[in-house]
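Look at the two complexes coming up: chain A is in both, with chain B in one and chain C in the other.
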Partner chain A sequence: MSKIFLITWVTFKDSIRNRALYGIFFFGILLFIANIIITKMFSWELGKVAVELGLSVVSISGLVIIFFLSINTMSNDIDKKTLYLILSRPLTRSQYILGRYFGLCMIIVLSSAILGSCAAFSAKLATYGSEGYIPVNFSWNIFLLGLVFLTLSLIVVLAMALLWVSITTHPFTAVLLSLLSYFIGQNVENVKNIISVSKMFVENKMLLKITEVSSWIFPNLAAFDLKTTAAYGLPVNAAYLAWIALYGLSYIGICLILTVLVFQRRELA
Partner chain B sequence: MTAISFENISKTFRSGLKRNTVLKGLNLTVNDGEIFGFLGPNGAGKSTSIKLLLDFIRPDRGRITVDGFVVGKERFQHLIGYLPETPCFFENLSGMETLLFAARASEMRGYVIKKRAQEVLERLDLKSAGSWTVRTYSKGMKQRLGLAMALIHDPDIYILDEPMSGLDPLGRNLISDVILDLGQNGKTVFFSSHILSDAERLCDRIGILHKGELLFDGAIEDITEVGGLEKAFIKIIEEHGKSKNV
Partner chain C sequence: MRSKPTILLFLCLCLFVVLYAAGFTAVKGARQSLGVNYRLDVSPLPPDLLKIFSGEFRGLVADYILLEIASFVGSNKKISNEEWNRIVLAFEQSLNLDPYFEQTYVVAQGLLPWEAKLPEKAISLLDISRKHRPWDWRPGYYMAFDWYYFLHDYAKASEAFLEAAKIKGAPVLLAVLGGRFALKGGRTQAAIVLLQAMLNDPDMDEYKEKEITDRIDALKGVMLLESALKKFKEIYNYLPDSLYELIEKGFLEQLPENPYADRYFYSKDDGRVFFDTIK
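Showing the complex of A and B:
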């Protein structure tokens, strides 16, 4: 465990000093300023727009960190052979994978915390003087819950991205596959629901099967999306959210196990 | 006592439908406490042999042992210090942070780590650069930091892949002195190089590899009776090339 923590801490320290990360934060802050301006253009549902836009910025920034910073970090380890100096020590490949993953998770969590605070601040500023347009049931606790589940969905995507990096030989391929997986994950449940009720597709068993299999393989990222719940202060079902969290953690566990299995067999020529 | 042994090692790489056999039945032994130079022209299979030794890749056939531990089946990394051909680091950490990480990863504990790191940085003329980020280091400084990472936990066996590669004469002299000191302290050093003058100065024994085959394995004196190592090396390689063409 201590070796996993050692890799985690080194990954976090190295990543937090990466200038690209500051660029992403700066981009996020610019979008928050834009959030204030855009929200003011709406004469209704200011609260909903401000909260949804704010959380969307957190999501976009997290995805940029995953697709460009994290995948690049892992791919560089293999391409530039930074890995050699790590694996020539008494450290197993599984410890390396887990340590790198947890270190990158810490960056995602930190990014969500900082940008989530900015999102809350920009939402507060955007609706200042327009309190009448904020939904009656709006609650900062549910906003926080939305942020937590958004962060959980990002670390699910990170686990998937890590699996693609371990399987592919080029970082561009890993980015493409991760983007594709993210896109499918966001839409697969909706597509499955539409196909299952539509008269057009009810005869098409192959399409139904493909959609069914996809919904099992790819994570249902839409389930983690609580933006609307947070924006309107809708009631939350604690048991349902607990299941979603368990689902997310289980999916992360499966991705990490597969990543470790693949990586243990990979030749580092 | 044997520090490192390669027993009938073969390795082929596949690229699409093409197969490239890089090592053909390599048999090699390095004894405890000796400085062994693993020589050969570019593309001979030296770096592949080292990657097999470190379990980064797996042989198609054969067995490798390090101090009696079978590579790929038993853990042996606590016994070795490794310097890759082109060391790459966490660029945003400082030299000292990198060494402290290496020390802790090698299971060193306690207050001795920092003291040892400072000693090693001083030995490799990096003391003033210990607080700089690795990103700002020159090629020579990175090479020396890589060697520092190999030295920090004071292992008994050193595996150095082209340790003098890309260094200026001062850097080469420094690393040569470190290797000689290691030899005098009874450590085993296995290093690959295509610079014969380094091998002539440092090694107790050498192995000459060409196109995956070990052409010579023994003391330098055994092949340098007349004309020096370079002439003997070229003669061996040319004779091997002719025998393959017959």
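Showing the complex of A and C:
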């Protein structure tokens, strides 16, 4: 356990030192300034625009961290042979994978916490003096819930990305496959719904089967998306949220186990 | 002493800055006459497909589409029928991506029935907002207004007014208007039932309660009189000259009380009874 924690801490410190991370934070801050300007372009429910834009920025920044920073960190270990140095120590491959994953998770959580605070601050600032134009049921508790589930969806995508890194031999392929999986995950439910009701596809049993299988393989990322719920303060069901959390955590577990299994069999020399 | 290449580079930079300034001024001047936005930059994709492409950022895409519509309409350009159809599609896309946003239905109501003369389209868009915003009485109210004002369908107007009136915080005027249009649209009985159900709200204030009770009494009075008139016609095969004839011929013991006036108003031409003279 202490070895996993050690790798986690090293990964976290390495990523903090990475200048790309500062670029992402700078990008986030710029977008929050834009949030204030864009929100003022609307006349009704300004709070909705501010919250949705703010949380979208948290999500975009998190995705940039995953696709560019996290995948690179893992791929560089293999490409630059740093991995040999790490694995020459009394450390198993599974401990390395788990350590790296938790370290990168810490970066995502930190990014969500900082950018989430900025999102809340910019939403407050953007709606200052326009309190009557905030959706009637808006609540900061649901905003926080939205942020938590957004972070959970990011760490699900991270687990999926690590699996692709372990399977592929090139970081570009890993980024491409992770992006594709993210896109499928965001839309699999929607596509499945359209196909099952559309007259054009309803006869195509093969397509229905493919979407059904895809919905089991790829995570339903739309389920974690509570941006609209947070923006309007729509009612939330605790049991439903608990199921989503369980769904997400179990998907992470499956991805990590598969990553460890693939990585243990991988020829590194 | 600076080297030659540095001076050359500096001169090139100066040249490009001058060219850029000239180009910028020319482009700015040329585009100024085009107005705020001279074309609607919204993709013609079906709403469901756009939802797929928007992914988790569908709320932002919905906001962007709304800004595009506002900017296009605000350019004061004469909008053709084809362009109005594209605007309707843009509203559909925006509502499909975010069916909760207040601005979408407010802008749609402000534009489609009035400017584009498309009240049916406005009603179908408002219906999406109404279903997704059960706490908001205004989408239903706008629908009712469109049914009444643009389409002259009093039965549907009444139904929409009374539905909107049931929402907490809705002005009592909606219930009262619902009752009025029910009478015009021939669904008085249904309106009475709905208005009576509204009286069960324990949070209802005295003013609202009185307004609704008065409207129920007025509608009941109209129903009673119209029913007596119907029986009168069945027996005599003509309509009476005045409502008092109903008492004289034994159809009623007395005329019901009208909470809004000293009597009910009767039209002998069609046998209709009204509680006021507003058409």
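Here, the second predicted complex is superposed on the first by the 269 of 269 C-alpha atoms of A that agree within 3 Å, B and C clash if a C-alpha of one lies under 4 Å from a C-alpha of the other, contacts with A are read in each partner's own complex, and residues count from 1 in each chain.
Rule of thumb we're sticking to: a contact is a pair of C-beta atoms (placed from the backbone, for glycine too) under 8 Å apart; a residue touches a chain by one contact, two chains touch by 3 or more.
If you're wondering where the values come from, they're calculated on a predicted model, not measured in any experiment.
Engineer: Can A:13 be said to touch chain B (first), chain C (second), both, or neither?
Structural biologist: Once the two structures are laid over each other on A, A:13 reaches chain B alone.
Engineer: Now for A:232: first (chain B), second (chain C), both, or neither, which partner does it touch?
Structural biologist: Once the two structures are laid over each other on A, A:232 reaches chain C alone.
Engineer: A:86 contacts which: chain B (first), chain C (second), both, neither?
Structural biologist: Touch status of A:86: first partner only.
Engineer: In the superposed model, which partner reaches more residues of chain A, chain B or chain C?
Structural biologist: Looking at chain A, the partner in contact with more of its residues is C.
Engineer: Which of the two partners, first being chain B and second being chain C, lies in contact with A:59: first, second, both, or neither?
Structural biologist: second
Engineer: List the residues of chain A that touch chain B in one complex and chain C in the other.
Structural biologist: none
Engineer: Using the touch definition from the top, list the residues of chain C that touch chain A in their complex.
Structural biologist: Residue list for chain C touching chain A: 48, 51-52, 55-57, 59-60, 63, 66-67, 98, 100-103, 106, 135-136.
Engineer: Can you check the complex and tell me which residues of chain A touch chain C?
Structural biologist: It is residues 38, 41-45, 48-49, 52-53, 56, 59-60, 135-137, 153, 183, 186-187, 190-191, 194, 221-222, 225, 227-228, 231-232, 234 of chain A that touch chain C.
Engineer: Residue numbers of chain A touching chain B in their complex, please.
Structural biologist: Residue positions touching the partner: 3, 6, 10, 13-15, 17-18, 76, 80-82, 84-91, 267-269.
Engineer: Under the touch definition given earlier, write down the residues of chain B that touch chain A in their complex.
Structural biologist: 13, 48, 51, 54-58, 75, 77-78, 80, 82, 84, 86-93, 97, 101-102, 104-107, 133, 146, 149, 159
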